[in-house]
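Alright, structures below, take your time with them.
Each of the two complexes below includes subunit A, the first together with subunit B, the second together with subunit C.
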Partner chain A sequence: MQYVVKKLLLGIVLVICVSFLVFSMLYMMPGSPVTLMAGEGASLERLEEIEKEYGLDRPLLVQYADWLYGVTVEQDFGISFKYRLPVWDLVEERIPVSLRLTVITALIQYAVAVPLGLLCAYKKDTIFDRAAMITSMIMTSVPSFWISVLLMIAFAVERQWFPLSGFSTWKHYVLPITAGVLSGLATTMRLTKSEALDVLREKYILTAYAKGLRENAVRCKHVLRNSLIIICVQVFQSLPWLISGYIIIEKIFVIPGMGGLMITSIINQDFNVVQCLIFLISIMTVICNILADLMLGLLDPRIRISIGGGDK
Partner chain B sequence: MNDELLRLENVSINYKVRGGYLSAVKDVSFHVNRGEIFAVVGESGCGKSTVAHSIMRLLDKNAVVLGSIKYNGTNLMELSNKQITGVRGHDIGMIFQNPLDSLNPVYTTGAQVNEAIRLDGISKLEGWKKVIELYRNVKMPDAEKRVQAYPHEMSGGMRQRVMIAMMLSRNPSLLIADEPTTALDVTIEAQILEIISQLKKEFGTAVMLITHNFGLVAEVADRVAIMYAGELVEQGDVFEIFRAPKHPYTRLLMKALPRGTKQEGRLQTIDGTVPRLMEVQPGCRFANRCPMAKKICYEQDPAIRALSATHTYRCHFAEEEV
Partner chain C sequence: MYESPIKEFFRSSLKNFNFMLGLIMFISILVLAVFADQIAPYAYDAGNPAAKLTEPCKEHLFGTDEMGRDLFSRIVYGTRITLKVALIGGSIQLVLGVVVGLFCGYFGGVVDKAMLFLADLTWCVPGMVMALAVVTVIGTNLTNAIIAIALVNWASMARTVRAKTMSLKNMAFIETGVAFGESDFSLMFRYILPNIVPALIVMVSMALPSTIMSTTTLSFLGVGSQPPSPDWGLMVSDGIQYITKAPWLAIYPGLALVYTVLSFTILGEGLRDLLDPRMKSQG
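Here is the complex of A and B:
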């Protein structure tokens, strides 16, 4: 428990640091949201007026303090310069869309990659192993937007099995999720394979065989169980990455998720929206990391002790 | 012979490596009788562990085993994977060199022992009772509590006791102990050895003890085989070997043992190094380090000479000459 509290406190510090960094980076970025808001050919007075209205003429630190105060005390993320709406209203409806996409992708990805990785380890150096590893490597090396476009051409334009874009029915999700799964497959497969191969070399696997366990029992109870430790940690740590990895795919399939919003907001210099999204993603990263640590403790009794503060 | 439990006949083991074969074990024959402790002695890398693993068919996939390994008359080499699984643990148990990493860190030790017991169709609850009983048999302090302990909560000696308990849980007739005490300190070593010899007395379990420690052999073994560079150079009753070692290697090995409390001068060593086993050459493998090697030693494989029904050695020179 003490461990979790410590981690949480550290996480809060981290999130604040990240938000400050992003805040100053946006501040230093060339161009200003004001010019975009006012439209072309606006007078200098008009620009200053808008700047004052949104409080953009104040020093960086004051602006940041104000923003942080708003977020922490009033749960107010400010107003989007572009949409003239509270940021939270914009973001709120996009969170479930993004989460749904990433969680489903993660589930499918691990459900496919872990068994494949294990099979590759058990059948090391066979044709199956090589074919699977090379295919997955190619899938990963290819940028996800290209896979997305290929999928669109093949299954939405040529065959018309699935709609081209949008997010209203489950059919809309098939292509973006496929693209997401394909792009992340190799990493997980390689991790699973190398982890399983490491475990297979362990002496306790020899012990398990020596006491008379069958091949399958050894593989499930010992090899898989011990490889899962690292894989589970990877699952949690990769979730925030998946969300950022979806930015491009969301854009291509015109899915109104956090990623799509992020890109438009950066282009429009919509500071408050970008700030809010990065704030959320960093919080998620911190939480996922803590969950990964706890998971590790749950799965590995050797680590349980150090997390529990040393009960022995 | 009726009390013969295990017989290895002309066993050679080659590892397929890049650029050819590595001859780890060459033409080894020996047998283990029921209820005896048979020791295999040799320096590191001489193939003694390879022989042990080959009996259980636990060698890596790149190993090629020739010859026959018969347990109770059945050739273990010819069994299907399923059949050999039935032999492991049930007929032949095996404990390994380093108890620190031979237990799975994520399960309690008791659960791992129970996993073996339950292979014989015993219920989980019955199994736990048996685990506690086994822990008592191997003199585990605080047995009831220790069954719930994870491997990392135990010392090396305790973990080796767990291994022994696990491997004896299904009452095998043969226990292969691959350097069971190498990783342990001397006091624990004595305790583990005592447990092993007691088990032999109580349950009639035959033990194939693999070690590089001659002191240990003298203490517990009935018969002994000495291996050098993959060849079995001499075997016989412990008394025969210790009283009159015949093979030059054995004799040098005996001289290299520290004796008594005060040493006169330096401890004897054997000059030279073990030959690379990659290039298969004719001749005696010990020839390059042998003080009495002659031309013939480099040219012809020595034949096995029998001194008595039990004592044999592999050398060109007859007894008188040695």
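Here is the complex of A and C:
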């Protein structure tokens, strides 16, 4: 318990530091959002007026403290300069879209990659393993935006099985999710393989064989269970990275998620929206990492003891 | 019998399939970049209004784009951009990683703690998101995109350098150096650094594929290279607009990118087998 609290506190410190870093970076930015709001050729007085109205003329620390207070106490992320709407209203409806895509992608990706990785480990140095490893090396060299484009060309242009873009029916999900799954598949597969190989080298595997267990029993009961530990942890840790991966995919398939919003906000220099999105993503990263740590303790008694033992 | 390490390296490299394959692929890219003026039949920004969106044919090997520019020529010129990305991005990461890693590993203490915290910070936000934020602040062009990606990626290199430095710091030859009255600076850069050079080469070559991919992705998203640059990421993103009429616009630049990234990946794996002593003793 103490461990969890400690991790949480550290996480909060990290999130605050990141948000301050991003805040000050955006504060120092040359292109001011004021000009964006006032439009081209606005008078100097008008610019100053807007600056005062939104409190942009105050010092950095005051602005940041004000922002942090608004966020934590009133759930107020400020106003989008571009859309003239509260940022939260913009972001709120996009969170579930991105989360849904990410979770489905993660589930499919691990469901495919883990068995493949295990198979590679069991059949190490066979043709199957070699072929899988070469394929995975090629796949890690393909950027996700190009995978998406190829999928579009193959299944939306050449054969019109799925729609090109948009987001309403289940058919709209297929291509983005496939792109998401494919772009992370190779890495997960390689990780599973190396993890399973590590387990196979352990002494208890030798013991299991020595006491006459069948091949399949050893594989399912010992190897699979023990390599799943790291993989479960990996699932949690990879969620934030998947979300950031979806920035690209969401832009290509014109999906109304967080990623698409992030890109347009960055191009429009819409401070508050960018700040809010980065804040949310860093919170998610911290939470996922804490969950991953807890999961690790839950699944692996050895680690639980070393954590529970605390400072010894 | 004594054999100079360089000679030994060349001899074993001839036997290393990955290294040779990667090297050949890399040299082919290098040739394209250096002799782009001779190889490309057209200039990369020479539009031909009479030949818009031509399908791949004899005059235009890979077809033409919406302004009638020859896609093949643009891809050939694009190799220069990609190599520039690899060179500058790799160098920034290398210098930052080596300097910070050496200092932290050698001195330890407060500097070290601060650096670890900073590394934790960058790890708290996915790299792409952080790079996007950095690029927003410093402005959208190719050089800034390279800087942004390097700023996000250097931490992992610094970590490795730090770990290596810490393990070397306590070895006998460092104590000898101290006894000779060498300065800290000299100990770091003349005693420790040469010992981690092989590891550095491997690290850089392993970091290049992701550096190239991330920077191209930034260009693809519109915050890197700006038109009419023949950046492959930018070309794919332009191609999406004409995906129904001219799919080749999005296919060929991507193919070139995959070939380049793959060449660096294979070269990196080969170098690792050749230079990483741990792997060598196993094989």
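Throughout what follows, the second predicted complex is superposed on the first by the 307 of 312 C-alpha atoms of A that agree within 3 Å, B and C clash if a C-alpha of one lies under 4 Å from a C-alpha of the other, contacts with A are read in each partner's own complex, and residues count from 1 in each chain.
Here is the rule we go by: a residue touches a chain if its C-beta (ideal position, glycine included) is under 8 Å from a C-beta of that chain, and two chains touch if they have at least 3 such contacts.
Just so we're clear, the structure is a prediction, and the values are computed from it rather than from any experiment.
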item: Simultaneous placement of subunit C and subunit B on subunit A, clash or fit; value: fit
item: First (subunit B), second (subunit C), both or neither touched by A:83; value: neither
item: First (subunit B), second (subunit C), both or neither touched by A:206; value: first
item: Superposition-derived angle with apex at the Cα centre of subunit A and sides reaching subunit B and subunit C, degrees in steps of 10; value: 80
item: A:278 touches, of subunit B and subunit C: first, second, both or neither?; value: second
item: Partner chain in contact with A:241 - subunit B first, subunit C second, else both or neither; value: second
item: Touching partner for A:25 - first (subunit B), second (subunit C), both, neither; value: second
item: Touching partner for A:128 - first (subunit B), second (subunit C), both, neither; value: neither
item: Subunit A: partner with more touched residues, subunit B or subunit C; value: C
item: Closest approach of subunit C to subunit B (Cα atoms, Å); value: 8
item: Contact footprint of subunit A on subunit B as seen in their complex; value: 56, 58, 81-82, 85-90, 93-94, 96, 98, 101-106, 112, 115-116, 119, 150, 152-153, 163, 166-167, 169-170
item: Residue numbers on subunit A that touch subunit B, as the complex places them; value: 202-204, 206-215, 221-222, 225-226, 229, 299-302, 312
item: Residue ranges of subunit C touching subunit A (in the complex, touch as defined); value: 120-121, 124-129, 132-137, 139-140, 209, 213, 216-217, 220-223, 233, 236-237, 239-240, 243-244, 247, 250-251, 254, 257-258, 261-262, 265-266, 269
item: In the complex, subunit A residues that touch subunit C; value: 14-15, 17-18, 21-22, 25-26, 28-30, 137-138, 140-146, 149-150, 152-153, 157-158, 164, 240-241, 243-245, 247-248, 251-252, 262-263, 266-267, 269, 274, 277-278, 281-282, 285-286
